[in-house]
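You will see chain A twice below: alongside chain B first, and alongside chain C after that.
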Partner chain A sequence: MTTRRSLGEGIAIGGFLLLSIAFALLPLLWALSTALKPASVAESYPPAWWPSPFTFSNFVDVLFGSNLARYLMNSALTATLSIALTLFVAVHAGYAAARFQFAGRKQLLFLILCTSMIPGIAILVPVYLLVTSLGLHNTFVAMVMVYAAWQAPTATWIMRGFFQTIPRELEESAYMDGCSRLMAFYRIVLPLTQPGLAAVGILTFVYVWNDFLIAYALTITDDMRLVQSGLYLYVTAFGIEWSKLMAAAILAVIPPMLTFVLLQSRFIQGLTKGAIK
Partner chain B sequence: MVRVNLQRLRKTFGAVEAVKGLDLTIDNGEFIVFVGPSGCGKTTALRMVAGLEDATSGQIWIDGKVVNDLGPRERDIAMVFQNYALYPHMTVYENLAFCLQMRKCSKDDIRRRIDEVAKILNIAELLSRKPSELSGGQRQRVAVGRAIVRQPKLFLFDEPLSNLDAKLRAHMRAELKRLHYRLGATAIYVTHDQVEAMTLGDRVVVMKDGVLQQVGAPLEIYARPANVFVAGFIGSPSMNLLACRTFGSDGAIVLEGKGFRFRIPDRAFPARRQGGGRDVLVGIRPESLALSVDGAAPLAGLSGTAEVIEPLGAEVLVTLNVGGEDVIMRAPANTNIALKDVVPIAVNPSEFHFFDSETGQRLES
Partner chain C sequence: MLPALVLLLLVSVYPILYALERSLYYTDYLELGPFAGFANYTEFFEFEGGWTSLVNSLVYCGGSLALALPFGMVLALVLNRPLPMRTAIRTILILPWIVSQTIVALLWGWILNPDFGPVPHAIDGLTGIRLAIYGDPDWAMSGVIIANVWHSYALALVMMLAALQAIPQELFEAARVDGAGRWHTFWRITLPMVSPTLLVTTIVLTLHYFNMVTLIWVITGGGPISATETLSVRVFNEAFVQQNLGLASAIGVIVAGLNVVFSLAYIRLLRQDHTA
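Let's look at the complex of A and B:
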């Protein structure tokens, strides 16, 4: 059944949506405008919306005159490894939660979900002490493990939902065709959860990319720094280099944005799967 | 082709006993059909043979070997599932090739065998499609193809036609029968549809509540049902069952029930030696009943009021009220019966089936 909207309703809804978009995009547009202004114009008062004179020098400076490229590479590497580890844990745990019956399964699942509700800052000190005592401070290994541990509970729940939607007969058919349980899982079940894998991948990527707290606490040298803590370097004791900071921020936003745009349809499918029959 | 032997096979799920000591031998090349209502244990029995469920006790012999401890892939059995279970991310060709790849067949061999099967099942033009691009009938054909391409020892079918519409189901039933003639392979087929059971099976196994009720050729089961359940389950419309009490008198037996009383020669009553005075259920197939107005001799005392008339084209099903019980009669298409007519019924007593009203077992002479 479809309902026809009146012109007034349509305008009201359209207007509300436009306002929402403007509200969401305003900071980004302001950042872009600032990044395209010379430092003197960016810090002048009253602020000008339109960059005049218009310059790309801030982008050139942060990309080639600083370590930003390195930070971006570090973030990309950490995010990729974190996605791999998160998915590895989540697909196996999610499958076990979906398919195996064992004592305390529900309680365990609830407990797993509870861990993702703890605010990061609450366990930052224990995590820092643990990583330091293991001798892993200022290493990618530590960051990847912490990020994966942080994302795995949510990812496990998402993947569990996906595995539950896959008919058991497909696996049984694979057994009859000559597969072991693991072979049936890797060759038949896992390929069918691609939207779920994409959703978990994007969520983990965005989380790792945007994280400041863990990245800042677990790294110390410039060559290990991730992009968000790298941006913080533009906030100095002598002031904030707004034009360069905004240029670096714009560059830092591009990878997650691109990832989302490219995988958007799968991501949405992944998040809504199982919501309706 | 193999011989399958099930010995005292049992399966319990917690406190529920799904299969209760099933004993059965299936011969080489035999097409055997398990039939029964939902929850009768037929699918559980099939899944135990497949290796998808562990037997609680009892033994499964395939080809002279006990296979209880072997997994599905070690039993060399192919199975067609109710919902086909085609791999959605693979093309039809890949679906057919998958089991052969798992058995390390060469690419040429795979190609040759798939071409052969595609020809038999008329699916050659579908090989590059994904399952989502196929109709129900095509999917069913591919599912069967996936089973036969492997040339397994044994075929298992778990209600493979139940998702198809009536017309397609009849068509695929004939196709399966033709395929069985061609391959001559041993097959176990599970269904709740007694028409499928009767038309497809060399032998039919009727199950209820995890217990085998009767096994035999379809017509044998139809002609001599072992108990009331089989009598009521096999045949459409079902056999009419009338509760009555018997009395012996002068070389005849009197059957008296609610709203009727008639005599039959005592030779027609299998338990005549035990005399009269017992409660029985008399079973009469709808086609054994005729209108006495159609020229058949009436059975004195048996008549009913026409309450429902269902013309089927080739025949008419008439539901009569006989002493408060529904009795269905299969009458010729040109029968002239109107609602509320009181119809005198003719029936040959030799076509009666007698069952003990307590045990439900068939009374034999």
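Let's look at the complex of A and C:
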């Protein structure tokens, strides 16, 4: 833009941005600093920003001397399975919604959109009762089902959008070449929607990784805990040792942060579309 | 389409009907007791502090919205202009949104820790008072709102930035040719162009805040003496702490009902947006 910008205005904007960046970053840096301090230094008054003396032992201790590694593995497994189930459901439903003409299609799509607006907390109790009565309490199967179901509506809408951008002629020419409908779908259409698959995958990964409520409500034994509920129970079970807790929190925050920094544009696509739940 | 429907019916539609049914009975943990009619609802508001929870929800939503929305909007306006290192700055500003609510809660509990935290230390230095923010019923709500604003302003930033970037540049050029000043341009072009997104963002944030449990619950558990217990936190406490599943279902239905009100407004606005 060519609008003239005065010096004073530049300083005001720069100052505002600096303050905002400090607001965003200082809490994270405080966590990092705490994690790099020995317990005796972390829990002393007045607090010091710079970790001195400096140690990595908190990270080593929580990774090898606690159940954190187990929680991280459980979360990775649950997230992977949830992504697979969400994609399986959303890809087929999204394609049907984009291509097939059938009675009640509009109403069905609207119903799917509506379910994505049912707040998780309002159905957490019945989901808990349902899972318990099916004998699936404290299993990965139950968590994966619930995560996938709660992600599927948004995912279906995202995938439908991507299928609509693919020209029908592509499939029609594949049928001419003797492809069946399913073969054309898996071989030709699906590979073209890779950005959509990635957006849904990232959205589901961060959702599952960061969820506390479902994992807390649906598991009971320590070996089944996912990372967020594991972190919380770590606090209540052993009292708080802040330097170790912050080290564990930083390890838990690395996977979604890396995903975000490396795949930012896809991430933001998912963020603006999947912001409801 | 069929597997999607089965999954949705099983895990979203059936539970809400189940919650409705359960909310009409007295319960003894997993056991269904005698039919209660609307007693769970009326008792919630008459004897169980229902109004306090509702007011807490409104204060939490209103306070968070009043801070996060303008902050995110102004940041979006700043980031929509040419800036050195714009992408890096945007990345940093979005980071708090990626941190899970559990970790946001633990992190702010530590920052505001009265014994070792830097913020109480600074307040102590200025006023001579050592404040236990999350332990004080007068301050706890402000404390959870600040943590929530830190976590969620980025959502407003991202949505508003997308809307600003979608405004055709010709509009600004035309305004400049016509000799419109910058203030004038903002009120007459920028604001009307982004106002649909602004409304949608407001409602998305409101719903998000209204249904939020984890962040508040991990910091304060709804305390001290229910000072931060919103309706949603109340559902969780009744269900998984008090194990009073009938009452929890009833409050859950109330939460869902209020969501419908917000959602209808949301769909209405989206429709208007498409037809306009």
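Criterion: the second predicted complex is superposed on the first by the 234 of 277 C-alpha atoms of A that agree within 3 Å, B and C clash if a C-alpha of one lies under 4 Å from a C-alpha of the other, contacts with A are read in each partner's own complex, and residues count from 1 in each chain.
In this section, a residue touches a chain if its C-beta (ideal position, glycine included) is under 8 Å from a C-beta of that chain, and two chains touch if they have at least 3 such contacts.
Model, not experiment: these values are computed from the prediction.
*Asks:* When the two structures are superposed on chain A, do chain B and chain C clash or fit side by side?
*Replies:* With chain A aligned, chain B clears chain C, so fit.
*Asks:* Once the shared chain is lined up, is A:Ile112 touching chain B (first), chain C (second), both, or neither of them?
*Replies:* second
*Asks:* For A:Pro47, decide between first (touching chain B), second (touching chain C), both and neither.
*Replies:* second
*Asks:* Once the structures are superposed on A, label A:Ile11 by its partner contacts, choosing first (chain B), second (chain C), both or neither.
*Replies:* In the superposition, A:Ile11 touches no partner, neither chain B nor chain C.
*Asks:* Please indicate which partner A:Leu262 is in contact with in the superposed arrangement: first for chain B, second for chain C, both, or neither.
*Replies:* neither
*Asks:* Just checking: does A:Met73 make contact with chain B only, chain C only, both, or neither of them? Give me first, second, both or neither.
*Replies:* In the superposition, A:Met73 contacts neither chain B nor chain C.
*Asks:* Between chain B (first) and chain C (second), which does A:Ile220 come into contact with in this model arrangement: first, second, both, or neither?
*Replies:* neither
*Asks:* With the two structures laid over each other on chain A, which partner does A:Ala22 touch: chain B (first), chain C (second), both, or neither?
*Replies:* Neither chain B nor chain C is touched by A:Ala22.
*Asks:* With both structures superposed, pick whichever of chain B and chain C touches the larger number of chain A residues.
*Replies:* C
*Asks:* Quote the smallest CA-to-CA distance from chain B to chain C in the superposed model, rounded to whole Å.
*Replies:* Between chain B and chain C, the minimum C-alpha distance equals 23 Å.
*Asks:* Do chain B and chain C touch any of the same residues on chain A, and if so, which?
*Replies:* none
*Asks:* Chain C touches which residues of chain A in the complex?
*Replies:* 1, 3, 13, 16-17, 20-21, 23-25, 27-28, 30-31, 34, 42-47, 49, 88-90, 92-93, 96-97, 100, 108, 111-112, 114-115, 117-130, 132, 145-146, 148-150, 152-153, 156, 206, 209-213, 216-217, 228-229, 231-232, 235, 242, 245-246, 249, 252-253, 256-257, 260-261, 264, 268, 271-272, 275-276
*Asks:* What residues on chain C touch chain A, complex-wise?
*Replies:* So the residues of chain C in touch with chain A come to 1, 3-5, 7-8, 10-16, 18-19, 22, 30, 71, 74-75, 78, 81-83, 89, 91-103, 106-108, 110-111, 113, 115-118, 121, 150, 155, 158-159, 162, 172, 176, 182, 204, 207-208, 210-211, 213-214, 218, 232, 235-236, 239-240, 245, 248-249, 252-253, 255-256, 259-260, 263, 266.
*Asks:* Mind listing the chain A positions that touch chain B in their complex?
*Replies:* Residue list for chain A touching chain B: 167, 169-170, 172-180, 183, 188, 191-192.
*Asks:* Can you name the residues of chain B that touch chain A in the complex?
*Replies:* The touching residues are 50-52, 71-73, 77-79, 81-83, 85-89, 98-99, 102-103, 146, 150.
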